[in-house]
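So that you can tell them apart, the chains are marked A, B, C and D in the order they are listed, and the count of residues begins at 1 in each.
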Amino acid sequence: MAERTARVAGSLRRRVYLALTGGLSGAGRLTATNKVIILLIVASIGFAIFESEEVVRGPNSWIFQVAETGFALAFAAEYLARLWTCAEEPRYRGFRGRLRFMLTPAALIDLLALAPLVFVAIGSEAFVLRVLQLVRILRLARIGRYSNAANAIRQAVRLRRYELAASLLAGLSLMLVAAAGLYVIEGTDQPDKFGSIPRAMWWSISSLTVGYGDVYPITVMGRIFASLVAVIGVALIAVPTGIITTAFAEVLSKAEAQASARPIARV
Amino acid sequence: MAERTARVAGSLRRRVYLALTGGLSGAGRLTATNKVIILLIVASIGFAIFESEEVVRGPNSWIFQVAETGFALAFAAEYLARLWTCAEEPRYRGFRGRLRFMLTPAALIDLLALAPLVFVAIGSEAFVLRVLQLVRILRLARIGRYSNAANAIRQAVRLRRYELAASLLAGLSLMLVAAAGLYVIEGTDQPDKFGSIPRAMWWSISSLTVGYGDVYPITVMGRIFASLVAVIGVALIAVPTGIITTAFAEVLSKAEAQASARPIARV
Amino acid sequence: MAERTARVAGSLRRRVYLALTGGLSGAGRLTATNKVIILLIVASIGFAIFESEEVVRGPNSWIFQVAETGFALAFAAEYLARLWTCAEEPRYRGFRGRLRFMLTPAALIDLLALAPLVFVAIGSEAFVLRVLQLVRILRLARIGRYSNAANAIRQAVRLRRYELAASLLAGLSLMLVAAAGLYVIEGTDQPDKFGSIPRAMWWSISSLTVGYGDVYPITVMGRIFASLVAVIGVALIAVPTGIITTAFAEVLSKAEAQASARPIARV
Amino acid sequence: MAERTARVAGSLRRRVYLALTGGLSGAGRLTATNKVIILLIVASIGFAIFESEEVVRGPNSWIFQVAETGFALAFAAEYLARLWTCAEEPRYRGFRGRLRFMLTPAALIDLLALAPLVFVAIGSEAFVLRVLQLVRILRLARIGRYSNAANAIRQAVRLRRYELAASLLAGLSLMLVAAAGLYVIEGTDQPDKFGSIPRAMWWSISSLTVGYGDVYPITVMGRIFASLVAVIGVALIAVPTGIITTAFAEVLSKAEAQASARPIARV
């Protein structure tokens, strides 16, 4: 009798395991359960975003409370289900195996993402919650786990990580030289903006990337120097783009070569 | 006698059909009729643009009315001609076939683009017209139908749609994390700009793409965080560029391989 | 005697011809004369730039006058020398040939670039001169004639001109849709900035390319729409980059294939 | 006895030499000494940056003085060690060889980077030091010496230097034409911003690269012209990106071809 229960439970565990992880190994397809979880994550992020806006939350406070509780229960259930079914993989069997599973990055992110919801239930201080909202967004990282296409991008970045680091270093050096230059040239003209290298770095970083326009040189020398820096900066952006493109082409051609080299293994 | 009329009509329909669609199949050339229609579409968009500017329209109101009526008649005639000649293709023959043709996306866009012109004739309310101006621009999509070169771009995007989606997701995640970060850091310093995540998202999206400079961090912590986000954001833009380039190279080499593999079929 | 003079003159003409055009045909090297002319052009552009600045010109007015006269004489001499020596090429012989040479784009640019200098000599009205300063910069186009490397870029652009035009059209359509959208959404909120489609187009074009930050949406709907447009706009920029890269790779590999296919012709 | 001392000293010199330069030749690995020097350089740059900020330096002035002295001693020791051990390479032996080593760019940068630290010890004028802060950042260039990955980028840039120069020239021409155009169009409307070509160039360079938004056209004609320039400018950025990508792909495929062509040399 107990044996039969165990067999039924084992078969149920297998089915839950496949429903939860079917998208990771094998054919790379998302199971229906996966899709429901993705929808729940997106919905909970959406709620977290609009909860922070007083205009939206104010009159609908109870909706957010109900939704928060619902998400907390759903994600807690998912976490427990993953913990229960991880024993389907031999390396996660037994007490030690379960512990090893709990310490995998994926499981830790799952647990961490649960935290803010539990804090809501306890009723902690507002500011703590506010900081934890950030952690909540880490749930997005779990969607990344489901995606197979992201791997090609990750491989391309890893393949040329030294070249990318070198071009990043070149960019940071340009930012530093630019900041030091304008600190020397305009430090006395606009002391609040270029009066020190860290202050001038806000100008150099923001103008080489975003371009807010809140800080800019006003002297002739400063403008000539800033123009030179800007032209070099635009040229520099071409370098990581070229590196990534070449790496991506290499990763894809390797993947194709592998796919055509083992036609039997695929059948 | 009736038979002869039918034959003449049939031959006329064939000629009109070829004049309207010659550019779609076969040699990929634009017929003279196609070029006239493109010119009319560009002209009607031009009129729609300047009609909205009171300074231009005010003293020349009658010119716009005459032009609108002219465009309405021309595009209505074109639509009816397409509906009449679609029976040259077997699948669009008979009442059902015509209905099927009317429900193709291309024909629906043609009909929708006619709407604002008809509304002008009826003399409806100003605001409704104003919204429909947007639909009018959809006429541009029809020029796209004539272009063969656009296909290579579309194929390249489709070929790597999962990789592009993954990099888009990474970009959106960065925007979300950036918004949440500055909401936590500067939410109390600039409550009207970073007081909630949706408000902070206006900053993160606009600064990672356009860079208006109407919102920017003012605290030291906020600026350090914003600098980090800006550097990552610039690096992220390299990824979709690399994907598109690789995909485009693949699409073009496949097209060339096909062209050289069937030299007889082309003759 | 006259025969000998003619022979000497012919040999001198040949030498002048080679000094002026040696860089165009053959080995693609710049002659010493070419380098002097390039230096003169750059110097005259430099003078034209600083002449416009009252702070610089005011006290040094006579230097600019002397320099202008010098440049006028030098470029007039060069133009006459080209006109004299063009007969070294058979197709430009005789009165008709000379006329044909004078009507080539290169010769017309040379003549046009001479105009402002002659006007200075005549002493014409200030405003006319101001407009002609722009023409003066066309002299830069002549440097382009000397450069061989520019050809690869030009070939790459020409090779994929239809694809580039299609992506340009996509960009312009996005600009138009964006302008129409914000005209509808914020036309009544900021009538001076979005009160008509042409006004809104200043916003859409400048924010999708440069990002001045003088015009931006202020309503929630307007910001959501502008965010969507901005994300699509950034993605769109990847397309022409991909096309140019692929075209450039193709042009270079073709050039290498040709170079290795005719090893004898090179010797 | 003296012979034995010489032998020991020679063996020590060899070991110091390997510790200092192991990363340059051979396996391309950084030695432990290299890593310590890199850390020291980064630390000294960090101190230089924060030293310029009064808020940070004010109360901690003595920490900066101690650190400066420490860095001065460490880098002086490193310089002397390099000068001592350079004789391990035959070409740098003897007095003349040492002098030749001291005049290599790398050794000159090392010496130049020492200067500001010595000036601190002497106690020179504040302003001179301020200018020398810039030289200090040159130390970053030494990190570049250690990096092998930077070579591929440098080779790619060198391989297509003429094409990159041509596209840079095209960009500068566009900037010049844009500045001249707005000088003519808006010179009288905004004399302080577009009143001369050099003034208008601040607009054209900054708007085509960074986009501060401190200067922008206000007339209809000026905005139409600026829009055209902006669209061409965005298209121009695609060209150097394409060139760099193609060059990088070529450099990497050559490196791989070389690696597979000499499999014995590697063993």
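The rule we apply is simple: a residue touches a chain if its C-beta (ideal position, glycine included) is under 8 Å from a C-beta of that chain, and two chains touch if they have at least 3 such contacts.
Everything quoted here is computed from the prediction, not taken from an experiment.
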Next item on the list: Enter the angle, 0 to 180° in steps of 5, of the rotation superposing CA atoms of chain A on those of chain B.
Entry: 90
Note to self: Between B-D and A-D, which chain pair is linked by the larger number of C-beta contacts?
What the structure shows: A-D
Note to self: Same or different interface residues for chain B and chain C, judged by whether over half of the residue numbers are used by both?
What the structure shows: different
Next item on the list: Using mean C-alpha positions as chain centres, tell me how far chain A is from chain D in Å, no decimals.
Entry: 32
Item checked: Length of the line joining the C-alpha centres of chain B and chain D, rounded to whole Å -> 45
Checklist line | Set of chain B residues in contact with two or more other chains | finding: 201, 211-213, 237, 241, 243, 245, 249
Check: So what shape is it, when you link every pair of chains that touch: line, ring, star, complete or other?
Finding: complete
Notebook entry, point to check: So in the complex, which bits of chain C are touching chain D?
Noted result: 45, 48-50, 52-56, 130-131, 133-134, 137, 140-141, 143-144, 147-150, 152-153, 156, 164, 168, 171, 201-202, 205-206, 209-214, 237, 240-241, 243-249, 252
Check: What residues of chain A sit close enough to touch chain D in their complex?
Finding: 162-163, 165-167, 169-170, 173, 176-177, 180-181, 183-184, 187, 195-199, 201, 207-208, 211, 213, 216, 223, 226-227, 230-231, 233-235, 237-239, 241-243, 245-246, 249-250
Next item on the list: Provide the residue numbers of chain C that touch chain A in the complex, in ascending order.
Entry: 211-213, 241, 245
